[in-house]
Amino acid sequence: MNPEAYDIPARFKRLNDDAAEDHIGPFFYCPTESGAEAAFRPGAHNVNGLGTVHGGVLMTFIDYTLCVAAVCRTGLPCVTVSLNSEFVGPGAEGALLLGLGEVTRMTRSLVFTRGEIRSGDDVLLTASAVVKLIRQ
Amino acid sequence: MNPEAYDIPARFKRLNDDAAEDHIGPFFYCPTESGAEAAFRPGAHNVNGLGTVHGGVLMTFIDYTLCVAAVCRTGLPCVTVSLNSEFVGPGAEGALLLGLGEVTRMTRSLVFTRGEIRSGDDVLLTASAVVKLIRQ
Amino acid sequence: MNPEAYDIPARFKRLNDDAAEDHIGPFFYCPTESGAEAAFRPGAHNVNGLGTVHGGVLMTFIDYTLCVAAVCRTGLPCVTVSLNSEFVGPGAEGALLLGLGEVTRMTRSLVFTRGEIRSGDDVLLTASAVVKLIRQ
Amino acid sequence: MNPEAYDIPARFKRLNDDAAEDHIGPFFYCPTESGAEAAFRPGAHNVNGLGTVHGGVLMTFIDYTLCVAAVCRTGLPCVTVSLNSEFVGPGAEGALLLGLGEVTRMTRSLVFTRGEIRSGDDVLLTASAVVKLIRQ
């Protein structure tokens, strides 16, 4: 799975194998100063009955974005504890979606994050999540 | 797509064609007095890197459950405005998941819902959503 | 501060001194099998410009309810990590409000809770929270 | 109620009379390009048993901030439909708190908002809310 195959800029990379993310996505990421940026180009299998990108697909993508933001800042694997989403606007099949994930605080066990999904200048979804770090 | 093909009780039915839900699911539902019950049996393509059902898949399933609950109570199509999830416990590939969706209030334009995903006696996810009715 | 002074049933008790809760409330609680029940009778100082109980007051009361539910089940002090509320219906000054808080899961460090505020048969608010236990 | 009496910069103003907000606050606001900024200096009656600003007080303040952001952008009164908060860090009695509220989308009936509470350079709380406009 190559970002170029989805017309996604080459600065984005794959994280780990994850069957569900590869089945719904694939999703790609790039570290940023405050967390991570992610990229995804939804296809025909990602749309709902109205012909727009399904809310569950958007939530899966922002969950990826926010977890990867936590991983990029901490270097540790993590699991999502809670995630809130607002569905601000509809997304179109074939349009490049960018996820922006920011870490607002890290404690020893929890990371607080927030982010959004954009398509061009439009915000499609806003979200926040609490993730738990997995320490050995 | 037949519930029996997924070893799901025959009282559950399909709603409408929805490419994303069929790709991630399929999901099935059954009306209840307070909303709807939904059923889903996750497969190998639904698991994350830890081998448990991916959080995005669970959120997609509860979004379906809560929207269908609103549809069952109002007879109108709807879109999700906001959705909150807590990831209470991990889900196993192959286990039957039941979504329970309850409508707590209907106004002319908005429906308030809450629900959970269960696997046997275990709660995997709790959620609430506000959905907007689509009137002509 | 006595429950009877607020026409609240005598089975409800005070928890600890908490300046903010006493200033906004006072609130009272009673342990239940799954968490806690709480009681509060809002006064004239608790209403918004529309003459109904202010959303911030309701959120303070459900935060109390859900934390007390966690305390009742674990015996440990806790702080709220995240809290989500839906404002299902308006509350009236002078009406007895009951908060119902349920623990859906306890881990070593986190407790998952959900609950609602009722006034008679009406649900006013639904909520969920993740709280963190404070261990020495 | 005067901002100077609370050592709050004079650019902040009061909105309307609101018994609960004046009892917990008072809170003050100032319109911004994307919504509103709000100011509040918590006192001794706003702290919890740990001696930090109570989460319910912070949620009341961010609810004010996000609603005022919607009012500033639309010129219409509104009620909160749902509000999510993450408690990122503790707030100190006597410190100036600033609420930042941003409107991410306005539809005919709903406004999507998000925001945060800051104390100096620290983020204390992140939040998002959906508010409903009240049209005659």
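Just so it is clear, A, B, C and D label the chains in written order, and each chain counts residues from 1 on its own.
Rule of thumb we're sticking to: a residue touches a chain if its C-beta (ideal position, glycine included) is under 8 Å from a C-beta of that chain, and two chains touch if they have at least 3 such contacts.
Because the structure is predicted, anything quoted here is derived from the model rather than measured.
Trainee: Among the chains, which one keeps its Cα centre farthest from the Cα centre of subunit B?
Mentor: It is D.
Trainee: Any chance you could check whether A-D or A-B wins on number of contacting C-beta pairs?
Mentor: Ranking A-D and A-B by C-beta contacts puts A-B first.
Trainee: As a quick test, compute the distance in whole Å between the mean CA positions of subunit A and subunit D.
Mentor: Each chain reduced to its C-alpha mean, subunit A and subunit D end up 29 Å apart.
Trainee: Determine the centre-to-centre distance between subunit A and subunit C, using the mean Cα coordinates as centres, and give it in whole Å.
Mentor: Averaging C-alpha atoms per chain gives centres 34 Å apart.
Trainee: Mind checking the centre-to-centre distance between subunit A and subunit B? Centres are C-alpha means, answer in whole Å.
Mentor: Computed from C-alpha means, the inter-chain centre distance equals 21 Å.
Trainee: So which bits of subunit A are touching at least two other chains?
Mentor: Residue numbers touching two or more other chains: 81-82, 84, 86, 128, 130.
Trainee: Among line, ring, star, complete and other, which one matches the pattern of chain touches?
Mentor: complete
Trainee: With touch defined as at the start, can you tell me which subunit D residues reach subunit A in the complex?
Mentor: Those in contact with subunit A are residues 84, 86, 88-89, 104-105, 112, 114, 116, 123, 126, 128, 130.
Trainee: What residues on subunit D touch subunit B, complex-wise?
Mentor: Within the complex, subunit D touches subunit B at residues 81-82, 84, 109-110, 128, 130, 132.
Trainee: Residues of subunit C touching subunit D in their complex?
Mentor: The touching residues are 16-21, 23-24, 44-50, 53-57, 59-61, 63-64, 79-87.
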